[in-house]
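Two complexes are shown next, each including chain A; its partner changes from chain B in the first to chain C in the second.
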Partner chain A sequence: MSISARHGARQARRGPAEPHAAYARPRTGLPSPVLGGIAATALATLLLPLVLDRGGLALYIDIALSACVVVGISLLMGFAGQVSLGQAVFFAIGGYTAAVLVLNDVPPLVGLLAAPVAAGLVALLLGVPLLRLHGHHLAFATIAVHLIFLVVVQQSDTLGGNVGLMGIPGFSVGGIDLADHRSIAFVSWGVLAVVVLVSHNVITSRPGRALRALATSETAAESAGIPVGRYKLTVFALSAAFAGLAGSVWAYYVGFLSPGMFPVSMSITFVVMAAVGGMGSIWGALFGTTAVKLIVSYLGMLGTAGGMPDYAPAVLSYAVYGLLLILILLFLPHGVVPALRDRIVRRWSAPPRTPLDTAGRDPGKAGLPPANGRP
Partner chain B sequence: MRRSTPLLASLTLVVAMTACEGSAGDDDSIPVGYITPLTGAFSNLGEDNQKAVEAAVDEINTDGGVLGRPIELITQNDESNPDQGILAFNEIMNDEPVAVIGSASSNSAMAVLEHVEREQVPYISPTPADEQVAPVRDHVFVVPAIAGTYAERALHYLSDEGMDEVAVTYSETAYGEAGYEAMVEGADEHGVDLVVEEAFEQETTDFGHILAEIESVGPDATIVWASGPPGITIAEQYAGADIEAPLVMTGSQASHLWTDPAGDSAEGVTVLSSIGVVGEHLPEGEQQDVIREMTEVFEAEHGYAPPQFAQDGYTAVMLLAAAIEEAGSTERADIRDALENLTLTTPNGTFDYSETDHAGLTGDAISVNVVEDGEFVPTDWSTERFGETYGEE
Partner chain C sequence: MLHVAGLTRSFGGVYAVRDVALDVADGETRGVIGPNGAGKSTLFNLISGHLPPERGRVELAGDRIDRLPPHRRAKRGVSIVFQSARIFRHMTVRENVMVGAHLRARSGFPSAVLRLPSHFAAERTIRALAEEALDRVGLLEWADSDAESLPLGQQRAMQVARAVCADPRLLLLDEPASGLRAQERERLARVIEELKSTGVTTMLIEHDVAFVSRLADRVTVMDLGRVIAAGAPDDVRSDPKVITAYLGSEEP
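== the complex of A and B ==
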């Protein structure tokens, strides 16, 4: 908690966030179109729950909470260069922490705050041995952690075992009931906003720059005096805390938790979302989550629409969905958002007659000039 | 990037708005929600379930509907996935259904139950998870016989046949644990002694240590609570072990999804099933007629006999239609009350829901069979029970 709280507080003093911070240089004044864009997105998404129907709200909540996890993954994989295929575990830990607390008559708000702390602490403990691994080995280890976690929950009576924890009370703050879909949608928005602000701060801070160096070459970073191990561990814990925070809201929303709700495929889907949007970019995480969830939901609805053949759901959910993912990763290997950004940056910053001047820069990496054009 | 921000926002809006469309049909119809796993791990159950639900709805609509109005299904795929199940449920709630028929995937069924209670919409569940009805939830009614009911029947059979010393082994799943706990609870009452009690993980592929223990203890019978792959593996290894005690399997194995892969190992194994599975062996009477009608409707459309999950889907529609007819109203509260007081003979047996019992079936709805040439044939013990329960006077 201390990390996110500190950053949150610092953020509050600094004022509004710059969203695509990953690529901007710290302390640059933001061009007004960017600020306008951020404000418009924030406002639009904040107003959205007022017009959405119940199904739309459920999807909105799902997207917002998943995005919290995916922003963490993007930070971990895109900046610290660490792979995790077990992020759903921290989502679950957050959920279970909040659930067990409220079922023992602790106020839901306390549960909400305790969840990221618990998930972050577990990540710290796991990270010490795990983060010594690299690449595939680390990926396998995180899957193993996921499987072990499921077995532990199944054996634990306190956590409801296989049957699950039932009757988790809805969210409320100081006697004000916030359990309905619309309130939870606003809570989810708030939680995501905190996650985005904290991430932005980490990225633009000195440790953030160190992390980027770390992702490129650990050896180089280490020889430049960056405490590699400590930073990796911190980002891992931070991403776990994000997932835990989202998991607690999810627990209040659904009112039920069981090991069956956290399959390994859930962890993998989170990584897919980050990859689609673009690793190492907060916007990428937000876009990737929204895009994947909307596509899945839309294909699902299309599959069961009247007049569709029997095989439609299977074809749409497997073939069409799979094809879309393959196409995105084939043609936009760095993810959708970095690709779009490069294109726009190129068009804006270079006068039409000399497009090659800027196109020559390495696009996928940090340090691109902001759109208003720096020398 | 800069430009993509408003673009993203408007895209979100547009897609969200298109998502809101699609409410359907003529004003006169009765909207009923239906969640089913058409893809993912439980897709083969979900598809059979859907075929039967649609067949039952078509049959009712052809015969003039309910209260003179046609039923209109609002179907959503939960992808065998709990979070999609929650989205599916809330999407359905947009269309103001009078009731919801739930998912055959137990994980997604469990995940929506709190929402069901908050929305106070009657929910009929074609998945056999005991924890749906223990404790009783006001709006949740279960269709298939639950593990507790199977356990009751098994104990009854075992003690009547003089098999007092029984080995129990169960998978560490909600189904396995519910079955095992019900056995422990009812053992004394039936004078049965549980001489081996062993759990195994769902992923287990070698049951050697459990079979060795059974071999050394030498019980009168062995009962296995499992679903999916371990049900097949343990039957194969049991057949290969030197154990005389007969093997008893439960409702999860009562289909060709188990007999086909288990092959020869299944021969002679005792398997408990819903009476609908052995409808042709029932005595003439109302119960057999109901099963035959369903079988004919389903076979006419799809060309094969309805498996268990199809029967559960068909039964769910029957129960709901009867409750609406009984209530004389399409108000959710009236339908709920009617369900709670409903007594109805269906392919799954005779339901008798009450305030304290939202599972509705008794042991009479379960047949104890032996596998002969890959078919389920009721034991003499069961045939005798059928005569008492379902024979015409």
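== the complex of A and C ==
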């Protein structure tokens, strides 16, 4: 019997094409009501700057720009299996690159485009020695890079030393002024959209498949001809470029930069956001960033509200925040978004699957758990 | 096709592979047998590049490859199916096999990001190759399942598909039939025979002597890191050295 005939017979035995769709479904991801909800949320988020006050806009911009960094970390940690506790360095490099350029009368748009390139190039140079390390060693090395970076900036006159760079002009494109908070909010959103689109395109492609493969088994990936070292380096540079891009928008937004704005805790917070949302997931990165930022902001407001004791801010912003993180990571170790998605996908795909599996098929093949895919 | 000379590798002072020399002809299917710990898997890892040799040389079609990293050897046509299941997690069966076809299309990060025509062409090519390989091993209907959810036998078959998908010149199969049921074994044997008919040179580690005898043109017998016998399956089976070292006195 020919191969196609055999396949045809199999198709006939399992019935029309419908069950096949049930199999394919978990891979295509979430059911349409959930996707619709996500689309509505996205639209609402897009329109939010029109109604937000100054404080709301600041939080909105902060979330969008942090999310750019966190999406990069999620790629790096989730797909390339590399930990970086120095992503704030690339955020800062992007900021300083844009700032130095615009202070020397280069158009802000050029500064915005140069920032990710500069951050990416630095990552390529650092990555060659750093990515030979693994796990904790790599994490410590990236912290060291962060500390060294801060010292270098403090000593550099070009970068304003300890005092910092002042009077960075606001963002504008071709003479159109986009420096006000509402415009910057839309610019941040646009920048995040680019980051998400680039990440999505990378993940769902030949190099992305290679990255997902090497995250599980470098040995097996190598034997498929994947240059593991080069791919890891590329993701590292890509994640740095995302951070650099966000950093440049940040520089235009705040108008000044100093080394004190980029503490090591900033790098750690980025990793926390990625872990809360779920590694290796773009949605996870977006969710994690938003959740952590909102929680921190709410706890801050609560702590400084009238009638609260003096120690309230400290207790709320450290103890309660820490407790929330521990609870999330304890009960949802893979992050919130992968856990939710698995639950939803399982619920949606279970009913059509069961009759198919019990319809006199090979008992060894029955009872497949749902696909545990990532987008 | 493959020329190995003086190949040596030890672990903590104990030789796993010692002065191994062998030649595998173009299109040949070579069985590699021997008791546990004989050094068969180490030999494969030395050929595929996952272990660096201490001494000796490995040549593929006349080119020396023993200093190349594994991915460069893969590029030259060496494909390996490991003894232990190496499944890419969180990926479907199809995606797992598509990774095997990585080298059969060209599309890097820039064309992926910009969604250039080369990206779509690469995806089409790789997907078609993967599905062809899946069909060969009888896994096409499982293409959309999560790879980790497959029973062990099918995971092995999937790995064979992944290796085959790379269009190898030299295919190294490390106990591909272990854990397979009779029907699955038969299917695997047919896949190997089919590969042979398309001119793929194959090396096969296997404990089941009947399985090896059926498929292999020649058999290399290893014991304690050395090659102790080589020849046609029937000759090797009657070699007294082999009988004492490996087959034992129960051999009929």
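Here, the second predicted complex is superposed on the first by the 311 of 375 C-alpha atoms of A that agree within 3 Å, B and C clash if a C-alpha of one lies under 4 Å from a C-alpha of the other, contacts with A are read in each partner's own complex, and residues count from 1 in each chain.
Heads up, the rule we're going with is that a contact is a pair of C-beta atoms (placed from the backbone, for glycine too) under 8 Å apart; a residue touches a chain by one contact, two chains touch by 3 or more.
Small disclaimer: the values here were computed from a predicted structure and weren't measured.
Novice: Identify the partner contact of A:P129: answer first if only chain B is touched, second if only chain C is, both if each is, neither if none is.
Specialist: In the superposed model, A:P129 contacts neither chain B nor chain C.
Novice: In the superposed arrangement, which partner chain does A:P309 touch: chain B (first), chain C (second), both, or neither?
Specialist: neither
Novice: Based on the superposed arrangement, let me know which partner A:S223 touches: chain B (first), chain C (second), both, or neither?
Specialist: second
Novice: Let me test your reading of the model: by the given contact rule, A:G174 touches which partner, first (chain B), second (chain C), both or neither?
Specialist: In the superposition, A:G174 contacts neither chain B nor chain C.
Novice: If you stack the two complexes on chain A, which partner ends up touching A:T234: first (chain B), second (chain C), both, or neither?
Specialist: Only chain C; A:T234 stays clear of chain B.
Novice: More residues of chain A in touch with chain C or with chain B?
Specialist: B
Novice: Taking the superposition on A as described, I'd like to know which of chain B and chain C A:M301 touches: first, second, both or neither.
Specialist: first
Novice: Take the contacts of chain A with chain B and those with chain C, and give the residues found in both.
Specialist: Dual-contact residues (chain A): 371.
Novice: For chain B, which residues are in contact with chain A within the complex?
Specialist: It comes out as residues 1-6, 8-10, 12-13, 15-16, 18-20, 22, 24, 38-40, 43, 47, 75-77, 79, 81-84, 86-94, 106-107, 110-111, 113-115, 118, 131, 172-174, 177-178, 201.
Novice: Where on chain A is chain B touching in the complex?
Specialist: Its residues touching chain B are 19-20, 31, 33-34, 37-38, 40-41, 44-45, 48, 52-60, 62, 151, 154-155, 161-164, 166-168, 170, 179, 181, 254-256, 258, 260-261, 263, 266, 283, 286-287, 290, 294, 296-298, 300-301, 303-306, 310, 313-314, 317-318, 337, 340-341, 344-345, 348, 371.
Novice: Please name which positions on chain A make contact with chain C in the complex.
Specialist: 3, 7, 10, 14, 23-24, 26-27, 198, 201-202, 205-210, 212-213, 215-217, 219-228, 234, 238, 280, 364-365, 368-374
Novice: Considering the complex alone, what residue numbers of chain C touch chain A?
Specialist: The contact residues of chain C facing chain A are 48-50, 69-71, 74-75, 78-80, 82, 86-92, 95-96, 98-100, 102-103, 105, 107-109, 112-115, 119, 122-123, 126, 135-136, 140-142, 144-146, 148-149, 151, 153-154, 162, 166.
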